[in-house]
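Note that chain A is present in both complexes that follow, paired respectively with chain B and with chain C.
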Partner chain A sequence: MAEYIVKENALKDFFKALTEGGKRRFLAPAEVSGKLQMIETDPEKVSLDFGNTHQSPKSAFFPQTEKLMAFHKDTAKSDPFVYKPLGLDETAPMVLFGLRPCDARGLVVCDRVFQNNRFTDPYWKSKYESAVKIGLACHDPRPACFCTAVGGSPFGEAGLDAIAFVRDGGLALKTLSAEGGEFLKGLSGLESAEIGAELAEKKQAAEAGMPGPLDQSKVAGAAVMEIYNQPHWKDTADRCLNCGTCTFVCPTCHCFDIQDEQNEKGGLRMRNWDTCMSWLYTVHGTGHNPRPTKTERMRQRFMHKLKYIPMKQDGACGCIGCGRCVTLCPVNIDIREVARQMNG
Partner chain B sequence: MHNPYLPYPVRISSLRIETEDKNLRTFKFEFLNPADEDKFAYLPGQFAELSIPGQGEIPIGIASSPTEKGFVMFTVNRVGQVSSYLHNMKVGDVMGIRGPLGHPYPLDKLEGKNIVIIAGGFAVTTLRSTIVWMIQPENRPKYGKITFIYGARTPGLLCFKDDWSEWQKRADIDVHVTIDREAPGWDGLVGFVPTVTKNVCPPPENTAAIICGPPVMIKFTQPVLEEAGYSHDDIIMSLENRMKCGLGICGRCNVGPEYVCKDGPVFTLSQLNQLPREY
Partner chain C sequence: MTSLPDLNQKIQSAAKRLLAEGKAEVVIGCRQGTTPMTVAPIFCRTEDDCNQLIWSNFAKINLATYLPKYPGKVAIIAKGCDARSAVGQVVEKQIERENLYIVGVACGGLVDVEQIQAREPRPIRAAEEDWATIKLSGDGWSSSLPKEDVLRRNCKTCVSRTPEGVADELIGEPTEALPADDYADLKALAGQSLEEKMAYFKGLVKNCLRCYACRNACPLCYCPVCFVDETRPQWLGKSQDEMDTFTFHLLRAFHCSGRCTSCGGCEAACPMDIKLREFNRLLDEEVQKDWNYLPGLSWDQTPPLTTYRPDDEADFIK
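On to the complex of A and B.
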């Protein structure tokens, strides 16, 4: 594990160096249309002073819309009507700087879905595993942040190759993985330094202002149907609009739809983000719908985050406490409140 | 890296109208690249995504048995965009199949047991696969008595008539095919599947039931098996839900923590008792 500092006047050089001379796509928090997002950006435009990005960084690896494969209809050529994969070879690897520790943990939850016990999603894997992920710790978590309540920390290290924190207008960095160590070694702008004590001190200070653990012990010990049949679901669902905002901004929501598009020459198979709040999401061809009302659909989302994912991922919570859904829900549904009801 | 989203290209090698209402057609596919047939190694109870370029995909149970070489067979009900398009396709047309997906029936765990297979309507597809597989000379000795109960509303709505007519002539499988009401030209059983099950199902000792059919049939057959003494561990079912990826990733087919595509579609009644009825 190596420790470095980057002085304020060396920041731009350092960010440029992260692209390895343009071989890597550089993603960092930068402003687009008045909102801060984790996007491909100019090293000049990186923001270090932010709560968190408006949307989660999942779209770097799981774009909102993505072409999976294409076919042509030209019978004079070989293989008409045979799909060929798209986007698996030509993508340049990424380097992400400024991932918040909560979001990095969210990516770990997604990774265990996209690379599950039976199948590997090559569209996810080719982007995720080749990416270098450098976190930026939170000195000053936002009011709706609760990573500490769900097992994380504003200085958390899960899913990251290195973690940085802001220091005297520049950065202090610690490598976390072998890949991160190898990648950062010798990069322009870096100076070796001892930052361990300072990091521990800042971590403790940041965590001190954060909420304590959310008790989910009863949820963990209960049978699925015991939680599923609790009476509070209907009350929360009465407020829910099924708008799907929570699912789009959530760093661990990974659901998608697959749709074909075509014209007279050929076509594409795409995948697009989908939401379990939608009636269409589960309806059978026959018209039967296993989750026919918004109560079932809203319950599904919270059961998935707080019961099903922990069951399938060795107890790991499906909510990483970024607070985006809490802030953006138009009817103020708060996952912390629902979690308390489930455990109550 | 293997791409589980990419269908194997296939050609429709034959098709037939399966039922008198013309809502069911049976398609046989042959692989454009013969090596893909080996890669598509499946067992009875698994399903595949039938993949039509420009239209989309539908998850359909595999009706052929892996012991039948040179083709893969599916019987498709016409309900939505993709299945309606497929019903208008012709022999020779090129499309794709993606799979095999899901888990098969627990054929190895069932070894040494008597098996009762109960089917209603067109839900018989993966059970046809199972019976064809079980009655192969190399597999038949692994199982005890095999009983097959199959019902549909009318004689013309029964699938795979050629197959069960042949099975009726065999001594190593008891076949009970029934229709709901008397019909001209029908001299077989008349009555609903639960009633026939009550009359002919073997005693529960060392016996397992595999049951696939419309919800109403399952609703009334399950108590018959329970009364006969079958344990919920020995009642095996196959679920269906709306699916996209078939890989346990896209989300929608979950029933509680289990994905019907990746963790099912085969479940025992004991397992289903622990899960929401979201199917």
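On to the complex of A and C.
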């Protein structure tokens, strides 16, 4: 584990060095159309002063639209159907700087969905495994932030190769993984330093004003159907618009729909983000819909975050407390309120 | 001007009375949200529910959106725009007039949280409001903003702030209608080239996520299956293809032409702050010019584009 500082006047050099001479795509919080987003950006345009990016960084690894395969017909061949996988070998590895610790935990939740002992998604894997992820701790968590309520911290380290915090306009940095240590070693702009005590102090200060753990003990102990049949769902569903905003901004929502788009010459297979808030998400070819009303659809999202993911991921909460859904829900459906109702 | 606590008191009393008298099985209104500057719609069925009702400058969506899906007798705490949308739904036969009770509340306009945050970038830990002022506070600071400075765009040109004429009862002192939208920016746009106009409209929706929050928040979008969700045939691709996204917005705007009450619910719901009303305004202007029609102000006037007469003088319809 190595510790460094980057002085303010060395920041740009450091960010440039992270691209390893242009071999890596550099993603960092930068403004696009008036919103701060985790995007591929110029090392000159990185923002260090922000609450969190407007959308989660999941799209770096799981784009909203991802081309999986191209196909066409070649009648001159004995097997006329020609398939070509797309995207697996074309992308340069990424380095992400400025991931908030909550979002890094969100990526870990997604990683266990896309890579586990049953499946490996090559499209996710090819991007995720090769990426270097450098976090930026939160000094000043926002009013809707609640990472501490769901097992995280504004200075959390899960899913990160290194964590930084802002110090005198520059950065202090600690490596967390062997890959992170190797990657950062000798990079321009870095100076070795002792930052451990300062990091611990800042972590404590940032956590001090944040909410305590959200009690989910009863949810963890209860049978699925017990929570499924609780009466409160109907009340929350009354005001839910099923608009899907929560799912689109959520760092751990990962559902997709695979579609072919084609003409007479050939076509593309792509996957697009889908949302369980949509009627279309579950409708069968017969017309039957097992989630016929917005109550079932809204319930599914909370059950998935707070019951199904913990069941499948050794108790880890599917919500990482970034607060985006709380802030952006047009009818103020607050996952903390729902979690409390679920816990009785 | 009635103070907000007084107004809240009156709204709560009216709601309790309507439930007690059986005029409504549920009263739809707003309650305080869980974070600063938010409100949550609430479906009141008990006295306790009614006691939570408030009027707030931070209300976001148009409550009439809920009406077509509600089967029984329902009362709605309605600002001018909510009431107009509810009237539109009756006119378009989505709800029964006798099942609807409109508690009209005179509105002084709603505020745009994005604009507030642009003026006050520090983390806002608490917000208080009265009729004219928004008071904000955070860690060791407080400030206040005149509401007029951070009004939602649609509220600046509202011609129906008080739902007079259509409400079953009215709460609060009526507020004056504001000068109507003069569409000056759109008139300037009309003078531009086709390419420039196309670039303008494509630019508006370039950040669209296709979440359809605008549609789901819209009181006009009550179709059981939206054209974007049709699968047999599938009219529209599901990717972030520019033309698919653009087609969604254009078609939705045309479906809403002459029916939109400028409530701004679509823009308030949009997570990407897309100025969705630009499409609707363009068509509103056309409808107003050709038919001198404003939706939701009368129980018996139907939107021009949903009207058909066999003796229509236009040739194209025969």
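In this section, the second predicted complex is superposed on the first by the 339 of 344 C-alpha atoms of A that agree within 3 Å, B and C clash if a C-alpha of one lies under 4 Å from a C-alpha of the other, contacts with A are read in each partner's own complex, and residues count from 1 in each chain.
Methods note: contacts are C-beta pairs under 8 Å (C-beta built on N, C-alpha and C of every residue); 3 or more make two chains touch, one makes a residue touch a chain.
All values derive from a computational prediction rather than experimental measurement.
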Room on chain A for both chain B and chain C (clash or fit): fit
Which superposed partner A:Leu68 touches (first chain B, second chain C, both, neither): first
Applying the document's definition of touch, where does A:Thr245 land relative to chain B and chain C: first, second, both, or neither? second
Where does A:Tyr308 make contact in the superposed view: on chain B (first), on chain C (second), on both, or on neither? first
Is A:Arg336 touching anything from chain B or chain C once the two structures are fitted on A? First, second, both or neither. second
After lining up the shared chain so the two structures overlap, which partner does A:Gly51 touch, if you call chain B first and chain C second: first, second, both or neither? second
When both partners are placed on the shared chain, which of chain B and chain C touches more of chain A: B
Counting only touches as set out at the top, which of chain B and chain C does A:Asp257 meet: first, second, both, neither? both
Once both structures are overlaid, the C-alpha centre of chain A sees chain B and chain C separated by an angle, to the nearest 10 degrees, of 90
In the superposed arrangement, does A:Asp79 touch chain B (first), chain C (second), both or neither? first
Three-chain overlay, closest Cα atoms of chain B and chain C, distance in Å: 7
Chain A positions touched by chain B in one structure and by chain C in the second: 257, 259, 261, 283
So, in the complex, the side of chain A touching chain C is made of residues 33-35, 51, 64-65, 140, 142-144, 209, 235, 238-239, 241-245, 247-249, 257, 259, 261, 270, 272-273, 275, 278-280, 283, 326-328, 330-334, 336-337
Which of the residues in chain C end up touching chain A in this complex? 33-36, 38-43, 60-61, 65-66, 123-125, 139, 206-207, 209, 211-213, 215-217, 225, 229, 231, 237-241, 265, 268-269, 271-273
Residues of chain B that touch chain A when the two form their complex: 1-7, 9, 32, 51-58, 77, 79-80, 83, 93-96, 240-242, 244-245, 247-252, 254-257, 262, 274-279
Looking at the complex, which residues from chain A come into contact with chain B? 68-69, 71, 79-83, 85, 88, 113-114, 116, 118-123, 125-126, 223-225, 228, 254-262, 267, 269, 271, 274, 276, 281-286, 290-291, 296, 300, 303-304, 307-308, 311-312
